[in-house]
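You will see chain A twice below: alongside chain B first, and alongside chain C after that.
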Partner chain A sequence: MNAPLGKTLTLWLLIGIALIVLSAPTIVVLGASFTSGNIITFPPDGLSLKWYAKLAGARALWEAFLRSVYVATVCTIISIPAGTVAGVALAKYGVRFEKTIQTYLLLPFTIPLIGSGIGLMLVFGNAGVLGSLWPVGLACCVINLPFMIWAVTASASALDPDLELAAANCGAPPLQTFFHVTLPAVMPGVISGSLLMFILALNEFLVSLLLVDARIVTLPVHIYNSIRSIITPDLAAISVVFIICAAGAVALLDRLVGLDVFLKSK
Partner chain B sequence: MHDATTDAGAREAQGSQPVAVSVLDVSMVYDGVHAVRDASFDLPRGRFLTILGPSGSGKTTLLRLIAGFQKPTKGDILINGTSVNAVPPHKRSIGMVFQRLALFPHMTAAENVAFPLKMRRTDARKIPERVDRYLDLVKLGGFGQRRIHELSGGQQQRVAIARALVFEPDLLLLDEPLAALDRKLREEMQLEFRRIQRELGVTTINVTHDQREALVVSDEIIVMDHGVIQQKAEPSRTYRSPRNAFVASFIGVTNFIAGDARSLAGDTVVVGVGESEWTGVIGDKACPLNVGAPVRGAIRAEQIRIARDGRALEGAGSRHAGIVSDAIFEGERVVYEVRLPDLGDTLMRVFDHGPHDTIAVGDEVYLGWNPDDVLVFDDEAGHP
Partner chain C sequence: MQSARTAYPVTWRIMDALEAFAATVWPANWTRAVPYLMLAPAVLLVGLLVLGLIQIGDTSLRTLDTSTFLLSEEYTLANYQRAFTEPLFAAVAARSLLGALIVTAITLVFAFPYAYVMVRTSSPALRKFLLIALFLPFFIGQVVRAYGWLIILGNQGMVNEALGLVGVEPMRLLYNYPAVLFGLVQYMLPFAVLMVAPALTAIPEELEAAAGSLGADWLRTFFHVVLPLARPGLTGAGLVVVTLSLTDFAMPAILGGGSQDFIANAIYDQFFRTSDQGLGATLALMLVAVGSLLVGLIFTLFGAGTLAMGRARE
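For the complex of A and B:
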């Protein structure tokens, strides 16, 4: 409170720089999307909503966007049961080889995405499912599952171990205990984990790039393909829509479980 | 106040009731350490038993073995005459109030109380009526729709009691549920447990480290230390005739005088400390003392009288001069700590309920007591 003026100034300066660096890309994209010119520039060349109007008619963009939503949904649906069961088991039960399993589950983080992407491409290619969209969702689930497990584990570790004993004491067999007591108690972790999985899968680029073909591009891949030919401001506009989706998910998270819970869940 | 006749009456009543819980030679070993060693006792139906002991004495382990959360390493636990070693906890008819209550946070008070009924497949039409009846029993009528975090600590206690009793279990277990409450609420809830237990007549096992609680609520007390049952008796017997030095020290404010047994005559022991001697009676008649063995005499603070003038203590039997080393004002009484030079500088705690301002620290005083009140124990017994 009584810190010398110089210290306060330095602190605020650092905070200011950090805020600018962190938000600059978003501001630039946001600004560029409102341009009235025909190329992406920042600051925008006049103000207009014409690129948003054009978005409404750009079928290829919307289809790519819906495909991304589909991939994110598949990923989330798979990761909820898998991540919840794994997270609860690791946190609460004396699983054998617990450390080994934990390391194994974290492996996807240590392998470069390009490596796991090529691996998944080979696996799906052999299985003959390359060219459908759902394997992309599965792939997103595989590479991001540790986030889900972490979120659930954090909730489950905070759980009073007596709660499950109390349920048994009330006459609940193990399965009933899980559904009536354990699952509701770890629900904040499940919700924050699955929203995170959804956002990550929605944004996933590198692995999607390897797994999709020209007919089933997801939005990030579509944008990437487009900027290689011509950079038009509608890409900035769709990026803004994208950012709004992610922000919406975060707002939903805050409403459902509170951001503090999410931030604490590592 | 209990006396010998009511104790005998209690034993008679106990004899006429069938045994609800039998613990037979039960041991529990964790990593080679005995948490419970060879524990055995019977509890007749409808009785209120308290297992009393310091932390780490094995009392909670014993309770959890009875609840079925763990399997004993050795021995057998019988409920209503049937061994339950192979019965998982959810199939035992046992209600339990946990130390941290373990109420389900995502349910209302009424949903918490209804949970055991749902799990035990009670007719769904009868559940609301039964839940209301038990919420009324714990004086929470009208609070059923509250969430757990909207209730005060005392109200949460009551929900936990209702949840443990609503399915009319054969046995109620209390795992130190009052430990976290402030003193006033704790004493109120002790009487509440007693009232509900008497009203329903449910066999109850309570675990606590609070000696006052044990004396107030129980029909019987088991004192445990280092995993071993030290004594099982009615509260008044536990207090008046502790079986060893540990029980004597754990319940009540007890003074110990050390020494060597010099001579034995009947129950009377003469003990020497250096040049001087003191007299007491054998504490545990089942455990004979040997002349020359190191012993400890236990005497309650309230059995010692204090006076500035030795003549005021004529007829006290034992009388010793000492110096007041501390005076602690506790409101209704003053506790004096008095050093007795002729008993090896033993520090004695004495209560004074009278006019308080006559004795000060540093004063020379006399302590007097009846030698029959000094219980002499073998120094080794009760010290595993």
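For the complex of A and C:
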């Protein structure tokens, strides 16, 4: 390719700025977590692992992190069965009112998060379950469910319906066909979908903020509350946990489905 | 000879029992209902949101009694009147709307070349690098990213240190409108790139080559070939970015420091600061209406795009 110089320069100038803007916070948080000073500066005052050592003793932070993991686990456990069967049903059967059902199932994306969060807060409040942690997981599942259904339908549409007919023809009853033919075929979608659900629930901030009280803050809410008062480097160290989780998720997603799928035109 | 037990494993027996159970509770002539049964859990889960909207609607029709701090029993439209007449809310709405439009324009200017190179490059390594740079912040979450910006833009932050080296006095870069918009652009970039990229993939590279061989320079090719063909993707991305930034909470709250509230922050304050749930619910319902209208517009104009969940249509 011999693109004109002006084009190459313009493209790369804009991409360069975009790359800096995208990566700067991550790099700076990583760098700041290794500081040996007592306040956040970048470049760090000197290198040390002392904030990581402090982290080991910071019970509040670890408890908040474990709560986030619990919320993400609840969210994933609910969304796997619900999203998988809904995805298979949408991808394979001619359902009546298909358009209406699709639009309905996309509601979590069309309703702004603050609206969903406030609504769920009122519903959970009336049900008297605010103050425990599982409703937060349930809420994260509801607001991100379209991701799970979407991941499953994407791989279910690739499944040849004749395979299921063949299984039935060989004498397999419906459940057996589902578990031995349909489910293995949509497995890549189920895995990448649940990965998305887990990482999004782990990071979920606004809905958590609305549904938790001071005793059960999740990690994003804890960080939010702390940066409003005083910024200490131990927050940078715990944020690195998020960065590691995100890097792991990106690597897994790339291995499982390949990041390139997001570039495909429909 | 094999014993009967290994010849017919336990798992098979369990499956048999399950099949027999399924067959009794779900007779074969009901099979037409199976897809609906499979959709039921998801429909119920999303039903929680519908319940929530009904609750919001109900609450929005009750006013706060300031002497007892209880919501009124009877329905009134007073909250809607307040929401429309109080200048504070008009100011917040105007700030959010203007912000959303500026953020969208800037985001698209940067997202387009990013998506273009990602789609067109012949180097798989570069493509992967650009994809990872995009997905990593997407998965890190807003709070940690905003925290990074606090470190960079703070009074003793990187930018001010660098300015100090060339003799410029430290500036207040945080807790103002541009800081919020900047944070929002960073938050929106991955969404925009991922919405634009499929539209660019659909444009055959030969078209650009053809324009070039007919004598158009790259700018003319860009404005007369690539841009018009990519318009559906750009419009879709634009609407998504407008909606998400209009309704965002975290960036105005963290980078605006309470002085640059967007609509979501105003709603939050009504619920948790002034405890006027009725007014908060009214604002929330109005925002839901605007947001849903915008997204509904995207879906009717372009279909659900990459988020379409239905069967592949031939």
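Here is the rule we go by: the second predicted complex is superposed on the first by the 251 of 266 C-alpha atoms of A that agree within 3 Å, B and C clash if a C-alpha of one lies under 4 Å from a C-alpha of the other, contacts with A are read in each partner's own complex, and residues count from 1 in each chain.
The rule we apply is simple: a contact is a pair of C-beta atoms (placed from the backbone, for glycine too) under 8 Å apart; a residue touches a chain by one contact, two chains touch by 3 or more.
What you see is a predicted model; the values in this text were computed from it and never measured.
K.L.:
If we overlay the two complexes on their shared chain A, which of chain B and chain C does A:Pro184 touch? Say first, second, both or neither.
P.N.:
The first partner, chain B, only.
K.L.:
In the superposed arrangement, does A:Gly6 touch chain B (first), chain C (second), both or neither?
P.N.:
A:Gly6 sits against chain C, while chain B stays out of touch.
K.L.:
Return first, second, both or neither, reflecting whether A:Ile227 touches chain B, chain C, both chains, or no partner chain.
P.N.:
second
K.L.:
Could you say whether A:Met197 touches chain B, chain C, both of them, or neither, answering first, second, both or neither?
P.N.:
After superposing on A, A:Met197 lies clear of both chain B and chain C.
K.L.:
If you count the residues of chain A that each partner touches, which comes out higher, chain B or chain C?
P.N.:
Larger number of chain A residues touched: C.
K.L.:
Tell me which partner A:Asp160 touches in the superposition: chain B (first), chain C (second), both or neither.
P.N.:
Only chain B; A:Asp160 stays clear of chain C.
K.L.:
For A:Asn169 in the superposed arrangement: first (chain B), second (chain C), both or neither?
P.N.:
A:Asn169 contacts chain B only, not chain C.
K.L.:
In the superposed arrangement, does A:Val207 touch chain B (first), chain C (second), both or neither?
P.N.:
neither
K.L.:
Once the two structures are superposed, pull the chain A residues common to the chain B and chain C interfaces.
P.N.:
In chain A, positions 173-174, 176 sit in both the chain B and chain C interfaces.
K.L.:
Would you mind writing out the residues of chain C in touch with chain A in their complex?
P.N.:
Going through chain C, the ones touching chain A are 15, 18-19, 22-23, 31, 34-36, 38-39, 41-43, 45-46, 48-53, 55-56, 59, 109-111, 113-114, 116-119, 122, 127-128, 130-137, 139-152, 154, 156-158, 161, 185-186, 189-190, 194, 197-199, 201-202, 217-219, 243, 246-247, 249-250, 253-254, 263-264, 267-268, 271, 280-281, 284-285, 287-288, 291-292, 295-296, 299, 304-312.
K.L.:
How about chain A: which of its residues touch chain B in the complex?
P.N.:
Where chain A meets chain B, its residues are 160, 162-163, 165-174, 176-177, 180-181, 184-185, 187.
K.L.:
Residue numbers of chain A touching chain C in their complex, please.
P.N.:
For chain A paired with chain C, touching residues are 1, 3-4, 6-7, 10-12, 14-15, 17-19, 21-26, 28-29, 32, 39-43, 78, 81-83, 85-95, 98, 101-116, 118-123, 126, 138-139, 141-143, 145-146, 149-150, 153, 157, 173-176, 179, 199, 202-206, 209-210, 220, 223-224, 227-228, 231, 235-236, 239, 242-243, 245-247, 249-250, 253-254, 259-260, 262-266.
K.L.:
Can you list the chain B residues touching chain A in their complex?
P.N.:
67-69, 88-91, 94-96, 98-100, 102-106, 115-116, 119-120, 163-164, 167
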